[in-house]
Amino acid sequence: MNTKWKLFLIATLAFPAQQVLSQDWMVPSDHTALTNPSEYNLENIKKGKELYTRNCQSCHGDPGKNNPLALLPLPVDIASERMHANSEGDLFYKITTGRGVMPPFESTISENERWKLINFIMNFKPGGNQLLVDAPPVKVKLLASVNENKSTVEILAEREDAESTGLENAPVIISAKKTFGNIELGRAITNENGRAEFTIPENVIGDEEGYVSIVVSMGDGYDAHEVALEKAKVGKNKVVPRLIKGEVLWSTNNNIQLWLLLSYISAAGGAWLVIGYAIYQIIKIKKLSKSS
Amino acid sequence: MNKIESPEESRKKFDRIFTDLTRSIVKKDELTRFWFFILLMFIGVGLWGWIIQIDKGLGVTGMRDYVSWGLYIANFVFFVAVSLVGLLISSVLQLLNFSWGKTISRAAEQIAIATVALAGIIIVMDMGRPDRLLNVFLHGRFASPIVWDLTVVSTYLAISVLLFYIPLIPDLAIMRDRMGSKVPAWKLKIYTILALGWNGNPQQYAIVYHAVRVLMILIIPIGLSIHTVTSWLFAATLRPGWDSTIFGPYFVVGAFVAGTAALIILMYVYRLRYGLKDYFDDFHFDKMGRLLVLVCLVYLYFNINEFLVPAYKMKSAEGVHLKDLFSGAYAFLFWFVQIAGIALPIVLIRIKYFRKPLPLSIISVFVLFSAWFKRYLIVIPTMEHPFLPVQNVPEHFHHYAPTSTEIMIMLFSFFTSIFIISVLAKFFPVITIWEYAEEKGIDRKYFTEKS
Amino acid sequence: MENKNRRNFMKTLLASIGAAGVAGSSSILSSCDRIEAVDGDKITLLTSSGELVEVDKSQLKPAELPSLSQNQKQGREGLPGKSWVMVIDLSKCRNARECMKACQNHHQLRPEQHHINVLQMQDAEHTAPYFMPKPCQHCDNPPCTKVCPVNATFKREDGIVLIDNERCIGCRFCIAACPYSARVFNWFEPRDAEKYEGVTYNIEANVPQKKGTISKCLFSADLLRDGKLPSCVSACPNGVYWFGDRNEDAVTNGTTKETLSFSKLLSEGAAYTLMKDLGTEPRVYYLPAKDRAFPFTGEQV
């Protein structure tokens, strides 16, 4: 293929995609003019945040972080200029009707709640009056170790800024590493010294020798490097039952049922022995004609 | 039969038998040439279709992901079915001492060889990668019904060829000695080689009887397994319509019906074409008619079992399938097959008139056609009704309709099998000469006399 | 004491593996199927997921691709100690079909070929309709491998039912045997056949596809080998899929990356398997379509 062809291909392939992206999502003018009946206050924004987390975040991502799901067209960040080019009425229409990969929420979120959701979106309007401000995460130095004898995790959380004072009442998450992610084993709350102890449940499954990789991290609102405690012998041995064993019909010839193989060989072999015998008779006829 | 005749009379009688039974070999006319031209033309067209299929892929057929077995497999089952006539006529009847079966056993073996050989070829034509046929021998899994099927098909073919050849040896010697200038020299040479220098001594005859008897017994389990294993290709799956325990015997009996009908037609063709009225006579047709009624009755019994029992229960998936057969898209075909293929022969052939050669042959044509459609009904409707709904695929994935390429390749199989039968009839007598002459009380010593 | 030493040793070992993993990330790029165009120091590559990416030439390192026979061997053995399972939460499925698209890109499938197919189901006249993604069930008593005459489809120790399309003879007996309609056939030349020409066959992705052979869902066995989730699982925008190792009793959601106990998810969600009365023992579990957060419109989104 030469370059010309490739260009043509790229152009033809790219054209419809571009069209989808650039095509404006037209909103009837009467909808654009609608005003939000839900008052813009902290309470409504908080309610809207809840709704956003449950219904929207999986696609649109965290506000301002620009981390939407890779869909076509890409979901727009709710803190972006593009999002806020819409009037509140536009947003209401779009949430209600949906389009393409964006589902309609007409019957799943009530009208009142949809407006509260818009309150939350408006919280991120560039240059707007942001009422709900997430407190900057507390920087934490997290230390942890595993006591294999007691089967516990000992945790020390300290403020990083001050003179390393213990962090009180902070939630700590203890998880175990699995093939594709960490499974939460439980949470612990630090005491006044910033210490916490977590007893590892007995039924945690480790590797084939019972070694578990423990991960300790902090809950929301805290900024800490997670601590990975590799290979602690605190879990049950992972049992790996053999799947292909004995005589199974669905496996290879190595696992074939003996009776089946013997039947096959004796039936086919027997038949061909008899056929061989018949051919031998033919040879005998030939021999007889020579002898007499 | 035991009447002692004068040498003169015996010679004359044997001469007549010889002339009659070798007419198919010496006969040369426009019609023969035209017949072979037609056969070869269709074979060529079919092969061309296969080349297209290999080049473009199996997508040239009407098969798709849901109906993934179509005409070819239906046709394969049909051919395996028809081939079973070899077992019925040249083994079961002989072992039960029905002597009238002797006359027709060579024709039965011709059908058996031609159809079972084609069954093997059809399987290869149905494969997505025929170039990898060798994998079956390199990596064959002994737990797969396909490996069993290939084993029994090849075994059955070998036995059928031997059952055709061994009783033919004395005939070959007779032709070697008596044909002279009636056939071209190369044909005579073939007879000479194949006759193995037969000189007609009693020991040789004893060996022929012995070998044939051994093979007759062997072909019974092999013949039964060839069609039973073929039925397991379906019965071993979980699909409604195939998931049945009686498929083995059901297929075997259906095969007897199809094979008997095919043999009656072939007998009628030989009788007409080669002037064998006195050989395939009314008596043989009468007997064959009775046999057809018998196997049809047994087949009826199996059909009632196969359809009535699930229809009584109407399990969900099975119910969809049965409704489609009884009153849905396949209703016409289904009832046609049941009536023309089973009910009609049972009712009509019991009347003596319909056991005469022509009426019986006409009925047999209907039975044979029904037998083919019956295989179609066994394979396709079941595949159209999987357990889960057929969705998100183009419309033509939902229903099966054979394409022209597929029909071309199917015609190839029909015409090739007829071609094999025609060639066998053109080379070898269609009735065993020595056996027939012996039956008529002619002494063996006259057989090898040069004319 | 001894234990501690061992742990330290394991730590350093893991650290070195981790570093190797970072360095190795560029080799993922070099394992791209084919170089499309060379332009100065930048190079455009076609990734295995069907995307065109532009990368710096200096990033490229020759990857060590296993040879065909090696690939077939390791593909038949499977991943040691694993027992893969999938849980499909029907209450989450909105028929977005991202799984189907990702799958078709990964496995070089035509639009009508589905390794995973989202079906619209309704169990009885008055019951609610629902969407049901249906991949291969990777049965523990697989009817398909039972009937294969040449051992071209087979079960691995880690539970995956795989296909070797270098061996398949195209008899389609496995299609007839499969009660879940999970198998597709290459009736014609596969999609983009010319693009994949000369690419070494990867048995764990069944790519390149070949005319006249079978294909079906393989739980993206090639991705699992790299420690990644199957392409359908990670493509889902709605959190429908959970995937993991049954031996360690954990499944991870492809959308939220949340990891839960497999047994707990099944028992709390009242999980079931498809057509269990057939005795096929599927490895794909379904959570019933109850408490759905969206209406069933019955049409493709």
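Order of writing sets the labels: A, B and C. Residues in every chain begin at 1.
By our rule, contacts are C-beta pairs under 8 Å (C-beta built on N, C-alpha and C of every residue); 3 or more make two chains touch, one makes a residue touch a chain.
Everything numeric in this text was worked out from a predicted model, so none of it was measured.
A.B. asks: Taking each chain's centre as the mean of its CA atoms, which one is farthest from the centre of chain A?
C.D. replies: B
A.B. asks: Does A-C or B-C have more contacting C-beta pairs?
C.D. replies: When the contacts at A-C and B-C are counted, B-C has more.
A.B. asks: CA centre of chain A versus CA centre of chain B: separation in Å?
C.D. replies: 60
A.B. asks: How many angstrom lie between the centres of chain A and chain C, each centre taken as the mean Cα position?
C.D. replies: 15
A.B. asks: How many angstrom lie between the centres of chain B and chain C, each centre taken as the mean Cα position?
C.D. replies: Once rounded, the distance between the two centres reads 47 Å.
A.B. asks: Residues of chain C that touch two or more other chains: which are they?
C.D. replies: Counting only residues that touch two or more other chains, chain C contributes 143, 146, 151.
A.B. asks: Do you know which chain A residues sit against two or more other chains?
C.D. replies: Only 249-250, 252-253 qualify.
A.B. asks: Would you mind listing the residues of chain B that make contact with two or more other chains?
C.D. replies: Only 141, 143 qualify.
A.B. asks: Sort out for me which residues of chain A touch chain C in the complex.
C.D. replies: Touching chain C: residues 3, 6, 55, 58-59, 69, 71, 100-101, 103, 107-108, 148, 175, 178-184, 205, 208, 211, 230-233, 238-244, 249-253 of chain A.
A.B. asks: Can you list the residues on chain C that touch chain A in the complex?
C.D. replies: 3, 6-7, 10-11, 14, 36-37, 81-83, 94, 96, 98, 140-143, 145-146, 151, 154-155, 157-159, 227, 229, 237-239, 243-245, 247-250, 252, 255-261, 293-295, 301
A.B. asks: For a test of understanding, state which residues of chain A touch chain B in their complex under the given definition.
C.D. replies: 249-250, 252-253, 256-257, 260-261, 264, 267-268, 271-272, 274-275, 277-279, 281-282, 284-286, 288-290, 292
A.B. asks: Within their complex, state which residues of chain B touch chain C.
C.D. replies: Checking each residue of chain B against chain C gives 56-59, 61, 63-66, 68-69, 123, 126-130, 132-133, 135-136, 138-141, 143-147, 150, 233-234, 236-239, 383, 386-394, 397.
A.B. asks: Quick one: in the complex, what on chain C touches chain B?
C.D. replies: It comes out as residues 100, 112-114, 117-121, 134, 143, 146-152, 167-173, 175-177, 179-181, 183-189, 211-214, 275, 278, 280.
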